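Please find the structures below.
Paired with chain B in one complex and with chain C in the other, chain A is shared by the two complexes that follow.
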Partner chain A sequence: MRILWNELKKIFTWKTMLLLLFINSVLYFLLIEFYIEYFPNGSEVYSYNIGVEMVEKYGATMDENEFIDFQKTYEDKAEEATQYLQSREDAVGNGLDTYEKFQAYDWQNSSQKASDLQGDIFFESEIDLFWELQEFERLIDFYNYRKSIPDVLTDNQRARLNELIAKEKFGVYTEIAMSNFKHFIANVGVAILFSVVLVISPMILKDRSRGILPLQYTSKKGRNLLKTKLLAGYIATFLVITGLLAVYFSLYSLNNTSMFFKVHVNTFIANESWYDPTFFQFIMLCVAAIYLIGFIFVTLSMSFSNVVPNLVSLIGIQIPFIVGFLIFGLSRLLPYMISVWNPKWLAPVSYGSMIIISFIIVYCLVKREKKVDVLM
Partner chain B sequence: MLVVKDVSKRYGDFTALQQVNMEFNTGLYGLLAPNGAGKTTLIKMLATLITPSEGEIQYNGKNILEMDEQYRDLLGFLPQQFGYYKNYSPKQYMLYLAALKGIGKKEALQKIDELLDKVALSDVVNKKMKKFSGGMIQRVGIAQALLNDPKILILDEPTAGLDPKERARFRHLLTELARERLVIISTHIVSDIESIANEIIMIKNKQLLYKDSVEKICATLNGNVFETTIDFDYLEEFRKKYVLLSEKQEYGKMIVRFIHKGAPEMEWNSVPSQLEDVFLYEYRDVIEGEE
Partner chain C sequence: MMRIIINECKKALTSPILIALFILFSAFNIFVIISSSDHKEELKMVNEIIDQYGKDITDNSMERFESDIQMDFAELSRMTGSEFTSVYEFLDGLRFEDQEKYNDEQWEFFNRLQLKEMYLNTAKSIDESYGEIDIRKTAESEIKKYGLSGNAAETLMNEYDKFSERFDEMVNNGEHKQWFFAGKAYFMHSFLFKTVFLHIIIEALLLIVLSTALITTYEFENKTHLVAYSTKRGRKLMKNKLLASLAIATTIIVFLFAITLGTFFTVFDYSQIWNTSISSAFNWEYNFPYVAWWDLSVGTFLIGLIALVFIVLLLFVGLTFALSVVVKNSYITFFSIAALFIFMWLLPSFMPTSSILLFVFAYTLPTLLLAIGSSFMGSSGLIMFENFEWMTISCWTVITLAVSFMSYIRFKKIDIS
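Coming up: the complex of A and B.
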């Protein structure tokens, strides 16, 4: 236990903590801040508000009767809009005295006066009602097209969409919370990946390059120390990931999306998935995936750390793996890991393979260390 | 006690040691050879840091690699290049190593104070090692090797960086330690071990050359070591004819110490051979090569 504690102390130095703080400050402002600071972004606020009302009123799903109620709400609001238009002389003068006319107007070839009216309603006076109505219309459109299936699909995708339709799991709730979370978690994934790799990867190399191995390996503990170092690396990874997730999710809580937690992922617009966890369960799934990605990359880092001659090569050798993962893997294996637009097998097979490879790497590392000549 | 049995070590095509056999018992053994002769290879095999390509090393009849931690528990080791954490104090570092050696914290703290006092570092127990001189670091290294009260103490070039006073203190410490344990010191500095080693081991051409007492090794050159005074102009020619051990200028002439295995000349004085003479004689090619 003392040995493990010593190895952990060697990882968590004040320099490491500063490095961690620096990396995360930079990556937070570059990648993450936007999704906290600007949520809902601009007119998305209407979508968010309507979404919250829908969840409060209809619960996690919206059946046909509830949709009728939803449409009724829309009609009431449209009536309010009509009354508003009739109260404006410029609207009546342009023949736009009802919301129906306002909506059906050919805005592409509008008169200057009509265009001024529209500009005033949406951008100068910022009449919320008209923005809300647009969002209502978008949601009603999605509801009306809920049973339609795109042409460009594989057989498996088509089967899954048909299955969702048969189970009446339609994507009719505003996707804004889900979409924001997906962007957020992907960028948190990037920050955490860089953090764990930079903090953990030098740990084995440092002892080797400082020439401490001869003393360590001739002690009673001997070469078994590598196992303790690996364990310390995994514990440190767990602590770093947990700490960072705690910080990032505290910030995420400012987005106030908890009312959507009970909504199933397939209920959000354009979010068809192979499985149907709730939003909260999906968040937990992403958290688990981040831990997994962290452990896998730390295994890779520690194995390189045990082989390469110096820190520069250690960083250099990891760049292709990390960049490759960020380009090809991160999105598919984190925010879109259960999306129907990726093959169903992709995430489980990828994670499964990476876990198996990690185990093989650890096994080979320990086996190699038992016999390797310590020449320096 | 500790037996090196038909041990060879190869690195690819390069052979570092070939068919080496030797035995060690309680006492102090000096492993004496020039740099690159295979001292460190042998030392590292004795310390289980490298594995013999052929043969085995046994302790009380058991292969040391198979004994695993049981063997390492008996071992104290100071490598040639002694690594440490710059921001640790000697106490912190030795506590870390004590944990690796399986020594309890309480016991370790007591032992650390005692050992750091022994190597004259009790004033800097809590100072960061990054401020230490080479000699102080080396003394920490010596202290750590003694932490587990080892039965086998292996020191690779332990006096590197020590000043004459520290060397003398170190020799005294070693003599004391070697009374009840096996101490193996690798060095290329003859004076470090000449006066204290029970036996000297010399390796040449990848094989064991001598493993004997200083007296017996010196006796191999008895009657062959001479001193004489020659003209400076004759020195070059003299160098070509004899194996020169030392040269000293005095009153415009040269006093030379050399080896000659044939009949001596009248003006030569036969002198008792010393370990350094044997060292210089046996490794003369290497020495010339190094020059």
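Coming up: the complex of A and C.
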């Protein structure tokens, strides 16, 4: 136990902590800040507000009666817009005295006066009504097309989409909370991956390059020490991931998306998935995936740490693995792991095989260490 | 002395990981180039046009080009049996079942004619589209886009005024009336000077920082420092290590460039393009054409960029050296350099949008490297300043020399036991 504690102390030196802090603040500003600071971004705010109202009014799902009510809200707003237009002389003068006319107007070939009016309504006046109406129209369009499915699909995908339609799980709620979270979590994944690899990698190599292995291995604990070191590595990984997740999620809470937590992922627009967890369950799923990714890559780091001759090689050998994972794996295995646009088996099989490989690596490491010539 | 440098070089050259990474990176670059070369045959059309009509688009050459195309239209009419004034007209009206009627050779002819017509139409519309460009408006929209005010807005406006003069001069010189690959169709400028160059830059940086850190901290990490630094050569060994790092970096850069650009220019035919101006109207990919501050040809521009990248990467050797002499640990050096790189790149975004500091803090090596495709350009947003490249380089040369020298002086007297 005391040895484990001391190994942990060797991992968390103040130098490493400082570096960890520096790297994470840089990565935060590079990757994550945008999705916290600019949510909802620009005109997305109308989408967000309407989404919040919908969830409060209709709950986690929306049936046809509720949709009729939703459409009625839209019509009321359109009426309001009509009244607004009639109160404006330049609108009436251009023959745009009702919202229907405003909507049906051919904006591509509009007169100068009409486009001035449009610019004034959308950008100059402090009036949100027309932006809101646009968002209403977009949501209603999605509702109207809820039963159509795209042409190019595999058989499995078509079956899943038909199943969702049969179960009446339509994408009706605004997707911005979901897509914001997906971007956020993917970038958190990147920051955490770099962090754990940075902290854990040099641990085993350090003892070897200091030449204290012969001393350690002739003690009573002997070559079993490697097991303790691996355990210390995993505990440290857990601590780093948990700490960083706590920090990043407390920042995420500023986005104020908790009202969407009870909505199922398939009920968000364009979020067809193989399974149907709620938003909150999906967040938990992503957290679990981040822990898995962390542990898998730390296993890789520790095994490299046990064989490479120096620190530069330790970094160099990990570059292809990490960059390769970031390019090809991360988005498929983290934010889009249950998306219907990836094969259903992809995430389970990838994680499964990576876990099995990790176990094999650990087994081989421990077995090899029992007999290896430490004087080399 | 020479022997010491060679032996120091060997430390990096015989590292299997660095060699493997180098091979992997080169293979990756070749893969990236080959996998986006679907249109390489179509690109040859520009070479043919330049071959026949010269690189300049003059009234005379346009006339010849147009009359040749008229002959092609006559040929088209003969083939199809009806009159067309544009190959697009023919292709749009073509029914699916009629496609079989024409053999491969005829299809080849249609495709070539389509390309020629595209180039002809773009060339005809140059005067009109350049007439629409109003630099002042561009400046105002840039200022609005980034929300600039006060000093910053004023400074940018002044620079745009200067650029406006240059723009008029360029139009008068007819630099824009030269043949180049159609930008909106192929994005060749972005592909070569952004995608491919960025691959080279990032890969070279990784290799250079790693090898420099390896050589510089080698004695400490292998516990030979007490021996090595108590020899007759003593702590001056660090100087040799710096020279060795520079030599290794040069080797890496030269070979990476040679392999990657060698592949690029074998795949894509640039043979007639070299003398075309980089400010050509065809080099118009997004909402503003590329317009350089000077009259640069594609060849000069390429050489200029290679030189820039080379110098900046060597400066990074110096900075890595300075840091690793202080830290004496290659691991911490690598991650600190990586974090500093990103930090310096982000610096302008921490600055107030009303202050000229916003521009001053963009004069950093990472900004220069990551925006390398827009170097020497007046059309590159907040770093469009005429003096951006040489000022950045000279300031950072001074800084690098100073910090390297200081950390070396400090090292000469420090307790290393």
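Please note the rule applied: the second predicted complex is superposed on the first by the 374 of 376 C-alpha atoms of A that agree within 3 Å, B and C clash if a C-alpha of one lies under 4 Å from a C-alpha of the other, contacts with A are read in each partner's own complex, and residues count from 1 in each chain.
One rule holds for everything that comes next: a contact is a pair of C-beta atoms (placed from the backbone, for glycine too) under 8 Å apart; a residue touches a chain by one contact, two chains touch by 3 or more.
Small disclaimer: the values here were computed from a predicted structure and weren't measured.
Student: Is the arrangement of chain B and chain C around the shared chain A a clash or a fit after superposition?
Tutor: fit
Student: So after the superposition, what angle do chain B and chain C open up at chain A's Cα centre, nearest 10 degrees?
Tutor: For this superposition the angle at chain A equals 80 degrees.
Student: May I ask you to decide whether A:Ile212 touches chain B, chain C, both, or neither, giving the answer as first, second, both or neither?
Tutor: first
Student: When the two structures are overlaid on chain A, which partner does A:Asn6 contact: first (chain B), second (chain C), both, or neither?
Tutor: In the superposition, A:Asn6 touches chain B alone.
Student: Quick check for you: in the superposed arrangement, does A:Val374 touch first (chain B), second (chain C), both or neither?
Tutor: first
Student: Should A:Lys221 be classified as contacting the first partner (chain B), the second (chain C), both, or neither?
Tutor: First partner only, chain B.
Student: Please indicate which partner A:Asn144 is in contact with in the superposed arrangement: first for chain B, second for chain C, both, or neither.
Tutor: In the superposed model, A:Asn144 contacts neither chain B nor chain C.
Student: Between chain B and chain C, what is the shortest CA distance in the superposition, whole Å?
Tutor: Nearest C-alpha pair, chain B versus chain C: 7 Å apart.
Student: In the superposed arrangement, what residues of chain A touch both chain B and chain C?
Tutor: Residues common to the chain A contacts of chain C and of chain B are 210-211, listed in rising order.
Student: Enumerate the contact residues on chain C facing chain A in the complex.
Tutor: Touching chain A: residues 15-18, 20-21, 24, 206, 210-211, 213-214, 221-223, 329-332, 334-336, 338-339, 342-343, 346, 349-350 of chain C.
Student: Quick one: in the complex, what on chain B touches chain A?
Tutor: On the chain B side, the touching residues are 44, 47-51, 68-69, 72-73, 75, 77, 79, 81-85, 87, 96-97, 99-102, 105, 144, 148.
Student: Looking at the complex, which residues from chain A come into contact with chain B?
Tutor: Residue list for chain A touching chain B: 2-3, 6, 10, 13, 207, 210-222, 224-225, 371, 373-376.
Student: So in the complex, which bits of chain A are touching chain C?
Tutor: Contact set of chain A toward chain C: 15, 19, 22-23, 26-27, 29-30, 198, 201-202, 209-211, 308, 310-317, 319-320.
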